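Dropping the structures in below, format is structure tokens.
After this come two complexes, each holding subunit A, first together with subunit B and then together with subunit C.
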Partner chain A sequence: MKGATVASRYGGVFVLAVIVAVLPWFLPNSFYFDVVINSGIAAIVCVGLNLLIGYAGQISLGHAGFFALGAYSSAILTDNLGWPPIVSLGSGLLVVALLAFAIARPILRLKGHYLAMATLGMGIIISIVLNQEVDLTGGPDGMPVSSFSLLGQEVDSELGWYWIVGGSLIITVWLALNLIDSAVGRALRAVHGSEVAAQVAGVDTTRYKILIFVVSAVLAAYAGSLFAHYTGFLTPSEGSFFRSIEFVTMVVLGGMASVFGSVIGAAILTALPQFLTVFHDYEHVMFGLVMMLTMIFMPKGLLPSLRNWINKRTS
Partner chain B sequence: MNFVRYICTLIAGAALALCSFIGIAVADTIKIGSFLAVTGPASFLGDPEKKTLELYVDKINEQGGINGKQVELTLYDTGLDAKEAVTFVKRLISEDQVDIIVGGTTTGETMAVLKEIEKAGIPFISLAGASVIIDPPKKWVFKTPHTDAMAVGMVYNDMKKEGISKIGLIAGAGGFDKSCMKNAQALAEGAGISIAIAETYGKGDNDMTPQLTKIKNAGVDATLFCGFGGPSSIVTKNYAQLGIEGPLYHTHGSCSKGFIKGAGDAANGVRLPCAALLVADQLPDDDPQKTIGMDYIKAYTDKYGSDVSTFGGHAYDALFIAVEALTKAGTTDKAKVRDAIEATENFIGVDGIFNMSESDHMGLSLDSFKMLEVENGNWKYLY
Partner chain C sequence: MSLLEITGLSKSFGGVQAVQELEYTVESGKIHSIIGPNGAGKTTLFNMVTGIFKPSSGEVHFNGQDVTGLPVHELAALGISRSFQNLQVFFNMTVLENVMVGRHLHCRREFLQSLLHTPAITRSDEGARHRAAELLEWVGLKAYVGDHADSLPYGALKRMEIARALACEPKLLLLDEPAAGLNNKETQEINELIQQISERGITVVLVEHDMRLVMGVSDHILVMDHGKKLAEGTAAEVRENPDVVAAYLGRGD
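Entry: the complex of A and B
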């Protein structure tokens, strides 16, 4: 019994680790590396966002804001103030954690559409600040970011970034799985089921909601920081409303309340536009079509639907 | 059993994700790569650029290609997303293995990809405006549009001719606006112009009356507006409504029919420097740009039935500078093509006459601008 639990909890992480370890041998050139690295970065955000949306049942339409805050704080602290990248990264995460903590309490009192509106507003405010503070952020035209370096070792190869992002993703997934299987995870699912019932059962719902909001914001900021150093150039579009929607779509497509679903959703939505370029002018139509068909035939998202299907077949 | 099922699901999911990667065949042609903001907020720039590239690549192939080789255009739509631009540039370089890249609709997209371009060492001609792209010059990076500093220089020349010395400035918050305003302030002293007042408005503002009222009260001889897009029309309308004395100057950011349509009658009397393309039919017959401009206008309107814009002109010039360099180099060797682009001399394009050098990767001089005035809702060529 215990063996089965360990297997179902860590089997997935193991498979993910094997895929991450083997994948570089199947990637022919730097373009494929780029798509995989961008997928990995998006996956880190989505795993965090899924904790909030899929498990705790709270919506956020402003997560690109946290992503951009992480990215820009890394960029500004490293390039304008000359801090070491790793220190900038840490400070950026701290700032985002504090900010998320400060706004979580008032925002998470809201429910449904109102919560969606509030997080949307928050994302837009961050986006406006990034656009307007031209001296700090370079405004709409963006700003360059120097390479990531640790202990004097500069990371500038695609393979180096691949290992950093891949490793970060494995750790993120492992942390998320542990969190879900802990008391916190159970409390979160209780909040998702019925907040009143959870309160009656003695769950401090506010505390858990704030906790998970901060965790998901920090993960988004961490991914943003990696992205900034990896791409080497930032524009405010990273914090735009559309980017937020993209993250939510990845979570929904992959499957709510499915950690690996988020990873797969992020990978597909990052790679799909590249694949669809063969349709030229109809690229966006095809993109919309894929999304609609997935939602019509797999309303629970890709991974949970697939799992149901395999379960049916094998039993 | 549960575990096996679980693993099966994950592998199936991962396979699904991997399916999204598919390779592309290779043939013996000259490959020109491009990434443009065909959709999204900058589509009024990217769309004519795309149409121009497609139109002329077809024409070149009909005429036998370059050095007997057919030209293949690989074009991706970035939707004005810098992240996509970087991915597409990597794809053009390592997957499509193009010989040269022509593209980058806006300054943001262009700046985002420079690191990749320089790392890979591939000739790149940008279609974006800001001077920061080529100043300081980067080994592999060139561009065709005029810079904001040149537009300001041209406007100041015209002001001196008109005997104007005290002016007001108004600009928005965008990158082009800021850069233009900075250049306007830096160049003023040398040109003998004094800036009495400099006002800015925010992104998305739809009424500039407060800023213009201050300019009116400062009692200036003329006003220079730095910006493009929607605000061009709004500022012009407000300027007319307030009845401010003296002419209103714009930069080449307003060189599109859209500006005149938006501002209506208020646009009459606005003076601005633009590429010769807009007034090709009014140029004197001995002007070297007349023929090329008229030919481009005819080819474009015959094919697409819509008005030409200077943005498509930037793409035209970039494409033909690339073609000339590829022809001269006689090879697709990247370093040789780059050297050939840098050696571009007396190239007559729709934007002007290009003379590039090691220190100038754009190659246009001030006289490539034509001074225009809006008259009865149309462009009038001044000089």
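Entry: the complex of A and C
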């Protein structure tokens, strides 16, 4: 049993690492690199969001807000104040962590629809602020972001970004799997299963809900910061309600409470609009459709449904 | 020695007095039962003792300490655990993991170490897994250890809840209708389980409607009606109490 859990934990990470390592040889041009890098960035957000939604059972419809805050913190601190990008990134994460912590306590008292509405409101407020603070963010016109540099080395190649995002994703997945398979992770899942039973078992449910809310917000902000430096230009739409819904759709499609499902969900829904022009023109309609069809035909999501199907076939 | 002392405890929901001015003492190491018709306030009393409801007035002392109104998880840390009348199972986890959650307070759970899954965390997890498997075997669920909780029959889930509560290593275990919905054979098994739990030195308080189980297993019985104490004493004393016979037991004869 011990071997099984360890193998399933690190086996998946190993497969992901191998895919990340060999993928560059199969990417014909920079367009494909761009799609893969954006998939990886979305996947980092989704792994964090899945810890919150899929594992701990707390919905958030406002995580694009944290993504955008991470992005804009990096942009503003690096470009307006001239801080080194890595310091800006760290400071941005700290700011988002503190903000998420402050919001979490009142908001996570709520359950179900009420929590969904409150997080939705939170995301919308962040989005409005980014639109209105023209002096700081450039408002709806957006703002340019200088490139990322690490140890005096500027990251300007697509391959450089590929390794940064790929490495970040592998580490994120590894940390998430470690967390899930610990007493902390079991406590989080217990909160999802039955809050009162978790409390009776000694779990301080409020504390754990706040913890995972902050963790998922920080991961979103980290991804946002990478995104800002990578694309080099930010608009408030990165923090919009639709962006939040995209993230949730990726998590739902990939599979609730499935870390690798989130990676797959993020990759599919990032790539589809790029390769199918139909998808591109009606992006929001398609996201709605994907969400509905997933709920109807495989409510557990892609990866868990696939796993069930394989288990049935083999047993 | 008294483990749990309840004085003047009341709880009202709007205009309804669910529990009124209750005085009740639970002796360490004994098996206690609380009986009474539906709506007598038995589960409300459990909910106050475990911190799920805050009492409207009165005090709860546990192990000599005033614990009135403490949050549920702090009471769990002090040594109070329970099972639920309507199952509260983590259906998103395996049977083993359900019981491992019961080991929460005995596990290492530092956040950064958990993220890195340091050897200390792995060791502590192994300990929890081992103990949970032991308890599952002890309550007779060895065959289900690796199964998903949602694949278990009702009777097995009731036992799993007891194993999970025992995993906390409580001083006081409150069982809310452990035999409800079980057949005669299963009820007999629960009876034996309760006695074995008591032999481990855990004080048990039982809310139960199955009179054969209650009369057979209890050292002390509290009879409640309309949120008040109607009578208390040994099985024989309670059975012969005219108030109890009139209000409750007599109804069947």
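The rule we apply is simple: the second predicted complex is superposed on the first by the 295 of 315 C-alpha atoms of A that agree within 3 Å, B and C clash if a C-alpha of one lies under 4 Å from a C-alpha of the other, contacts with A are read in each partner's own complex, and residues count from 1 in each chain.
As a working rule, a contact is a pair of C-beta atoms (placed from the backbone, for glycine too) under 8 Å apart; a residue touches a chain by one contact, two chains touch by 3 or more.
Note that the structure is a prediction, hence the values are computed from the model and not measured.
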| item | value |
| --- | --- |
| Partner with the higher number of touched subunit A residues, subunit C or subunit B | B |
| Subunit B versus subunit C as contact partner of A:Gly121, first or second or both or neither | neither |
| First, second, both or neither for A:Pro84, with subunit B first and subunit C second | neither |
| Touched partner set for A:Ala257, first subunit B, second subunit C, both or neither | second |
| First (subunit B), second (subunit C), both or neither touched by A:Asp181 | second |
| Touched partner set for A:Asp204, first subunit B, second subunit C, both or neither | second |
| Where subunit A meets both subunit C and subunit B, residue numbers | none |
| Sites on subunit C touched by subunit A in the complex | 50-52, 71-73, 76-77, 81-82, 84, 88-93, 96-97, 100-105, 107-109, 111, 114-117, 121, 124-126, 128-129, 146, 161, 164-165, 167-168 |
| Complex interface listing, subunit A residues touching subunit B | 4, 7-8, 11-12, 15-16, 19, 28-32, 34-35, 38-39, 128, 131-132, 134, 138-142, 144, 227, 231-235, 237-238, 260-261, 264, 267-268, 271-275, 277, 283-284, 302-303, 306-307, 310-311, 314 |
| Subunit B residues within the subunit A interface of the complex | 1-3, 5-14, 16-17, 20-23, 39, 76-77, 80-84, 86-87, 90-91, 93-95, 106-108, 111-115, 130, 173-176, 178, 202-203 |
| For the subunit A and subunit C complex, residues of the former touching the latter | 1-2, 175, 178-179, 181-187, 189-190, 192-194, 196-205, 211, 257 |
